[in-house]
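Please read the structure below before turning to the comments.
The chains carry the letters A, B, C and D, assigned in the order they are written, with residues numbered from 1 in each.
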């Protein structure tokens, strides 16, 4: 042996809080794929679950506060349960660490505004995890806009349907379909068009599972969008396709139209006497968005590393919630709601 | 020579009124492709244009009333200018002849109702020319519903965009985008889903040509639909793609999702260093819908021949106009409009 | 009535010999779709079958010789059984009429050469019915070559498979798969590449139906081509796909690659839990090549009308047979055969 | 901190020899993605290049023999230059370590046979790196055969073209296109069809770069295959597409036809007035086959871990070379060559 490999690159020390499926994905991406980062520790309220990190030498905590006290940790990825985001962001900001947080920031506009104020006051970087912005297909659609291939945006159509509904327990706490599902699509509509949404009209039904209706929620929805430049848009959501994740976008403009289609597990077509068959699209977000999960965390690390503004801001996270609130109000009052009504 | 061919099939004698592009297409289909029909005469206010029929032996009139007086003509195809439909349908019905008429029946609900009453009173068959119902792609989408492949309809999305705006002169008299363009899509939404539309919300902008706005019209629109069974839908229209006719439908249901895509002139893909390229979709309705133009007239002739109800009724024509009125009202008042408000 | 329509265009008077399926298609195209032509008469050895022409006023013969004696007939389409081509071409040429003949011209090279000599001597136009040259997809592939999009041709791949084998009775007289099936593909390879084939290697098996082997024929073959410019190619044939006609071509060159895919009856994709499904390609040549059947006859009529050379010559017909002979010899001797060996 | 993560899984200690691009890929896959393996050390004749492993704590050697002397190393991945494979396999086998080796095993059949004998004598596991067998698209094509969807294989077509030729220096030592490129396709043909190839006919030209011809090599080839069950096949190779890696397969059988198409970087279609455009396929093997590079090494590790036969054997590696030799001989003698002639 001549020597043992040791990187001479200075690395940002990162912690991941919450070791659910998303936290595990972030951990592996940070540890293995981002040379500018080092995963030093993770936490979970269950230390057994913290073990799921599965990466040699990573330190495990059952109390994230201990991590926040560590001077060496510079950046924190928050992948804990939704109802803890507000509190943990505040504490992390006050500890002076840069923050990547899964959406949503918090459950009310007031809480979000308070959180963003504290982030600002403490001068830490803050990025919200709208992973789909980093999907290669959706990025390419947007690039066609940036390149001028599409011209001015005129119509945005987003299809976003889950393979099957989440468990009832989750449905009870997720805030409803507009906050849980459409929120991603609102962000996508803004991202793709580079325009702000000024008005929303939402309608919907319970067609998949009547227990969803009993919770006061919807499972099949159609949202109309009006953009600042006069463009129009639609978002259709369903809690159940039966086949797989159905995630497609269309951006139509004055010069052309870009369509981002579903990913499939392979490029095989079988023709037999019944027809020509392809495999169904990838099953759900874990299967569909691996590049996006990597891309978002990498973008965050690079922003920290280069001392730049992260590409998805707290304002982006806030705006998506504002739009969800507008959609909910629109549905309840069965009328178009101006975004300026919400704040 | 042993003999001269003469069909021994008894044929329905048909006249076509109006020898614009549509009248010419109907004439050729009737004369050449429908063994149960014989094209005996055509009319146009310009006898020069009547010559465009281009079929040996067909008799030409510059006054359609003379045709209505002929006892031998059993069925009449009305392809005259829109503003004459109301009057000519009435006269044709009173002359006791079966009627195929291009949409729209008339320009107001009152007029339509009066027309349909006269048709009823005279006991003639009546069919409205919603040609897209006979497009092989859209028929196949609907067939997937009938076959149970889609299950219950949940979401209907219709994209319907013209390659370029019509002339200003036409725009002035066409009644606006909801009556001129969306009317076809309303019919398609009902046709595909086999459900009635109960509520409409329409929004839109002038993004293509400001002269369209000066006429009080729109060129880019998004319409939200609510169906009797709770399904939701969207229709997006544009007066200008720049590339070609963009006519696609999607029917998503409890068991599956059928998408009807655009037709192209060939099945060639060229790959070069810039990408993989296909030719643009077919340019406009004349190029896209030849099978549909044949199919609708053939369906009419077969209904007359077999003494059956034509597959697109006066009520279908009326409902599409009701929905257009609802869309217009929705846009003007910026609120969802129940179809029952219109009548 | 003001008048009766009568075309003022001078028309070529055409006869169609043979009223099988192909003769009927040619007759309708000539009568209805080509303004420069008039179908005056048809023949068939069965006068009942001649009735199948189905076009009012066309004169019917059971002896084609009577047609050849008519002075008014200028152009003749020969769609009789293969074994009669040689004799009828000669007689028609001697009668001084221009000739469109279904392939093959004759069954031996000697016979073909004699036929072509007689055609030459009598100075009539002569075109062989390689319909696929007029298919919009294959024409577009070749156009990409002409436009320079492909550059110099390097590789040609042709897939040509029937949905099911013909009847045994037909198989006995068709001359074998290289003469009956590959002959079209040899012509296509020359047409697409604009290069002559200089060497052929053919191999194959009996995998579909052993009765085909008992006839000394093959049902599954692979032919390697070498072109004058050094390009290489392959043709794969099968007598049975089980699904439908499988007719695809690929032209790969120094700048790009054009692929011509199968036609399907519609543009619908259904996604259900089992996958995403399209309908099978169109069933057989009648369904697949309607534009090509029109295109070839129209090209012939236009050549006669404008006194130009038809786009598919007797030499083209001869060369395809030469290549079939070379393939047969190659298979029998299991070695590559230079085309110059055949003549 | 409660604890530091340490896997309790017993792991196979692995070394990677050669730290070129392929060695780096194997190293990362072993270190990060295969829980049953631990990358303990790597070697390269250049210690600077060994640094490229880029994984903390891995030990670096400039002499692989030192690694072979380590008792703890159980499995070795050989990714050194082609001309060293023969020698290193022998030494590694004699050191009693399981072996994964990039193709080819050696450059002559005699050498291969000697190597395989030594592997056998030493009772170590041995796997050859035909990575494409682990590509999700090609695996799915084969799965359609295993599932019975295709029936008996009748025709295999393989397209395998590089984006651009390798450097002349590489071309001089690679053994020629049949040994360097087609060898992968021979293996693919056997893999997909589950049939042995019995006869080969190869032809080709120099169309891309005449310097390739000056080396006595070809750059554009077509190979005909005959399989034991009577099936036929074709392989077409080119050293230059100009666009990207063009890697497609087709398996046609008695029940159906499966086509494996190229991968692209995204699922976007842009339609503008010029046409509908997709991005070109992925550029080269590094971009196209990441799952396959992981899959092959993972399959090897799992075989070692579970003490099973690796899925690609020394015989597979040998057969691909036999077929390359047959192709070379066929080209040189311009005749079909029976595989049994080679040995």
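Here is the rule we use: a contact is a pair of C-beta atoms (placed from the backbone, for glycine too) under 8 Å apart; a residue touches a chain by one contact, two chains touch by 3 or more.
In UniProt terms the chains read A, B, C, D = Oxidoreductase domain protein.
Since we're looking at a predicted model, the values are computed, not measured.
Looking at chain C (Oxidoreductase domain protein) and chain D (Oxidoreductase domain protein), the chains in contact with each of them are A, B. Each chain gets a centre from the mean of its Cα atoms; the one farthest from the centre of chain D (Oxidoreductase domain protein) is B.
In this structure, the chain pairs B-D and A-B differ in their number of contacting C-beta pairs, and the larger number is found at A-B. Distance between chain A (Oxidoreductase domain protein) and chain D (Oxidoreductase domain protein), defined via averaged C-alpha coordinates, is recorded as 38 Å. One inter-chain figure worth recording: chain B (Oxidoreductase domain protein) and chain D (Oxidoreductase domain protein) are separated by 57 Å, centre to centre, where each centre is the mean of the chain's CA atoms. Centroids of chain A (Oxidoreductase domain protein) and chain B (Oxidoreductase domain protein) (each the mean of its C-alpha atoms) stand 43 Å apart. Touching two or more other chains at once are residues 241-243, 246, 255-257, 271-273, 279 of chain A (Oxidoreductase domain protein). Of all the residues in chain C (Oxidoreductase domain protein), the ones that touch chain A (Oxidoreductase domain protein) in their complex are 241-243, 246, 264, 271-281. Remark: chain D (Oxidoreductase domain protein) residues 1-7, 28, 31-32, 35, 41, 47, 50-51, 53-62, 66, 136-137, 139-141, 144, 149-150, 255-263, 265-273, 279 touch chain A (Oxidoreductase domain protein) in the complex.
Interface residues of chain D (Oxidoreductase domain protein) facing chain C (Oxidoreductase domain protein) in the complex, by the touch rule stated above, are 152, 154-155, 157, 159, 161, 199, 201, 203-208, 220-222, 224-226, 229-234, 236, 238, 240-243, 246, 250, 252, 254-257, 334-336.
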